[in-house]
Amino acid sequence: MSGILNPEIIALLLLDVVFLFFGFIAFILSLKIALFWDSNATTKRQYTLVKQSYLGAVIIKYILALKIPLILFFVFILDELSTILNGAMCAAGVINATPYGTYLLVLKIFNIYLFLYWLYLHKVDEANELQPYTRIKFALFSVLFFPFLAEIVLEFALFSSLDVNTLVDCCGTIYSFASQSYLSVVMRSFGSSYLVGLFYFLFLAIIMSYVLKKENLFALLNLVFIVVSLATLIMFFGTYIYEMPTHHCPFCFLQKDYNYVGYFLYTFLFLGTFHGLAVAFVPATKKMQQSYYKTSLLFLSLYVLSVTFYVVRYVLVNGVWL
Amino acid sequence: MIELKNITKEYVPNQKALDNVSLQIKEGELVVLKGASGSGKSTMLSLIAALGKPTTGEVVVDNKVISKLPDNFAALYRRENIGFIFQKFHLIENLSVYENIATPLIPSNLPPKEFSFLVQNAMDRFEIAHKKNVIVKQLSGGEQQRVAIARANVNNPKIILADEPTANLDAKLSANFIEILRELKKEKKTIVIATHDPLFFGLDFVDREVEVKNGVIV
Amino acid sequence: MKKINFYLLEYALDSLTRQKRRNIFLFSVLSFIIFLLSSVFFVRNSLLYQFDDAIGVMPDIVVQQLEGGRVVSVEEDLADELLAIAGVQDVVGRVWGYYHFFQANTDFAIVGVDEFEQNSNPNFVKDASKLQDDTMFIGNGVKKVLQKFYYEKEFHFLLPDATNMRLKIAGQLSKDSALWSDDVMLLTKESAKKVLAIDDNKVVDFALFVANKKEIPTIVAKIRTLFPTAKITTKENLFVEYDKLLSYRGGFFLLLFVVTLFTFFMIVYDKVSGVTSQEKSEVGILKAIGWRVNDILQYKFYEAFILSFFAYALGVIGAMFYVYSFDASIIFDIFVGSSQIKPQIALPFVFDAQTFFLIFFMSVPIYIAATIIPTWRVATLDVDELLR
């Protein structure tokens, strides 16, 4: 292995192997159930499928229950690796040290949205005597298996191609306005105040669509909110967390120097937007939908309050804007 | 109300344990199923308890087709409606009396007060409270049966099913059981007993005796 | 989220104690594996921490001349050229090497310092003024070896020209720096040169100190143009190398561990699959009295979690005692290598949450994974079949 024989990496890869093994079993079961499930049948095959559906669900829950703490661990490890790689200051450097880094991280987050969505669908299905979504949820997993597989493959690729001797960029260059990365090009083409305005406007719009009970609009706005929040976090709010106008990095505030605030911000944002999407996409009862609405609003508000807090504090203490 | 509609049950293909059986049991009724060994009495009870599924036909309880329920819901139905007294008692031998009687309540995750009240209540009613912490293995047959009855009643089920309840008891204990049965009947519980013990025949509080022969009601 | 069902938790705990033989076996094996793993990580962390501590007083840049891959001594005057580079605050010509003490078949590290050198490690010696041309300070490990040969007050060096040189032992090097100073003999530069047979006007290499750390890359580039054949090592390089080395050794051990874990996975799978008829009838009874398949799965999950979590806790706590109270000599050798002189180091206690998570992820989920399929098998058997 040309990569780094680092204990944390080995641990991640070990769990990947376990995931691969069980994920594959769940995939085969899911395919069978998606193809042959017939809740009215009293055949032996249906009978076996019912039993196998329990195994499929247990495996998927097991994987999800580990994926969530592991993604935090993953980012944590990238941060730690940054001390080994020349030039990297934080996880951003490591992510960009190989061509796979960015895709892997995005894919990981995407997969957690999907797995959690699967779990919510499963809960709804299980609570109904007719089990109306069994086929759909396992069909969903048979599809979901592929991004999941891609994630594992990318993770192997990332860690085996990390080379300690190459000089990597630090976040300062990757996310700076001067560099040529597409992210910074996009950022420059909007003014930051325009984006920040949009951010708060979206938040108000989400609240309005809750008041008006427009579930599809609510979900759509949440989707846009993910993108706008990340952009404003890098461009604007982040600089107030760092108290440095030129530091644009979505990873550094995960570090101890900033009280690990990044983990809280991302968790708020994730829980808020996930439940925002769940409002429209999970076929839940009205009562459950109501609780999704509330959870979503709670975490989105926490997120908005937290980032706003940093700006307000800075302006109050220093009397100027960055 | 329990209703068996044209039930056929084959454990082994083409060997009918029950053959096109239909039976209605009204709420609060006490029914004795009698018949020779292997006639299909236990099978009927297990279908009413949704422990197994009929090959054809339907079991309807309180207007709900319980024979179609997915496993998880069948279990919920048992938990909420059925108290089953098994032929061999089926207690968990290495657990204490208290623990055995409490097991049906565990998955419901009740508040502690309610939980211990229900268990204590069941132990008091069936006079086993003094053996609360004794491991079931060390009890006599009669005591074991009282634990089994207490367990079947701990969640206040509407329906009590008993399979050969006196098979392992001597005459005195069997008579005791009849008294317990009389009490339960007074509480308006629906009761179905599968037995070939003549002790149950012609009792004043039994509403109906149903005879089963080779998987058919006669 | 669902509430934790404490009745079920209690039931699971109780059930664990009912299968004593099997569970005690699994518990001990798992604890032991976790104990080994944790010990390795704790030692690694402590070494890294110590290194981190020590690196503070190390030079920012070291410049050496190589010939045939070996470091050769260089003219002392070159220091002026290095000092002339903008940004370089101080340059020290260093004198060091090894002395082979053939009676014990071991090597001592000879380090020469001048009293006035501002950058020599202040922790090294308590009373530096005692260091004269006829005295030396020695590390703890050296002291022990010398004592065996009755060198209590002084030591006779056998010089390369087969003459003898006698130095008094003026004192001992501080124990806190044992990882670095254990096999060290601290001499004045002058006597060190004699012992190592280095010419008067030469030194082994140069240590450079830089005021502004950000200038290090530019300074390195300048040195490279001045001395194209020199080997230049920066402090950062050193740290990375060291970290890599420790990680590598730790990682190698970890690979072995993964193999062990796999074996363990199979054992668990096997043990949990071998359901006794008693367990089967228990599951049958539970299902018959209204437990759902989900409840049974949850019950078995609680069982696996309790067992593996307590094994984890025991293993980790045991390792902490082993490493920090008993100095983990066997594990230590994996990293430092066993030489004649074993550093007697009290490893500094380092609390690193990440390591605890790491060990957790490598044990508890793996154990639980091994129980998934056997558990599911039992939980979905028909009541009929279970109660036969």
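As written, the chains take the letters A, B and C, and residue 1 is the first residue of each chain.
By definition in this document, contacts are C-beta pairs under 8 Å (C-beta built on N, C-alpha and C of every residue); 3 or more make two chains touch, one makes a residue touch a chain.
Because the structure is a prediction, the values reported are computed rather than measured.
Chain pairs A-B and B-C differ in how many C-beta pairs are in contact, and the one with more is B-C. Averaging C-alpha coordinates per chain and comparing to subunit B, the farthest chain turns out to be C. For the pair subunit A and subunit C, the distance between C-alpha centroids works out to 35 Å. The distance from the centre of subunit A to the centre of subunit B, each centre being the mean of the chain's C-alpha atoms, comes to 51 Å.
As a whole-number value, the distance joining the C-alpha centres of subunit B and subunit C reads 64 Å. Shown for subunit A are the residues that touch two or more other chains, namely 126. The residues of subunit B that reach two or more other chains are 71-72, listed in rising order. Counting partners per residue, subunit C has 293-294 as the residues that reach two or more other chains.
Listing the residues of subunit B that touch subunit C in their complex gives 11, 46, 49, 51-52, 71-72, 75-76, 78-80, 82, 84, 86, 90-95, 99, 102-107, 109, 115, 151, 155.
Residues 41, 44, 236, 240, 243-244, 247-248, 250-252, 254-255, 258, 261, 293-294, 297, 354, 357-358, 361-362, 365-366, 368-369, 372-373, 376, 379-380 of subunit C touch subunit A in their complex. Of all residues in subunit B, those touching subunit A in their complex are 53, 55, 69-73. Interface of subunit C with subunit B (complex): residues 3, 5, 7-8, 11, 14, 18, 278, 281-282, 284-295, 382-384, 387.
Residues 39, 42, 50, 126, 129, 131 of subunit A are the ones that touch subunit B when the two sit in their complex.
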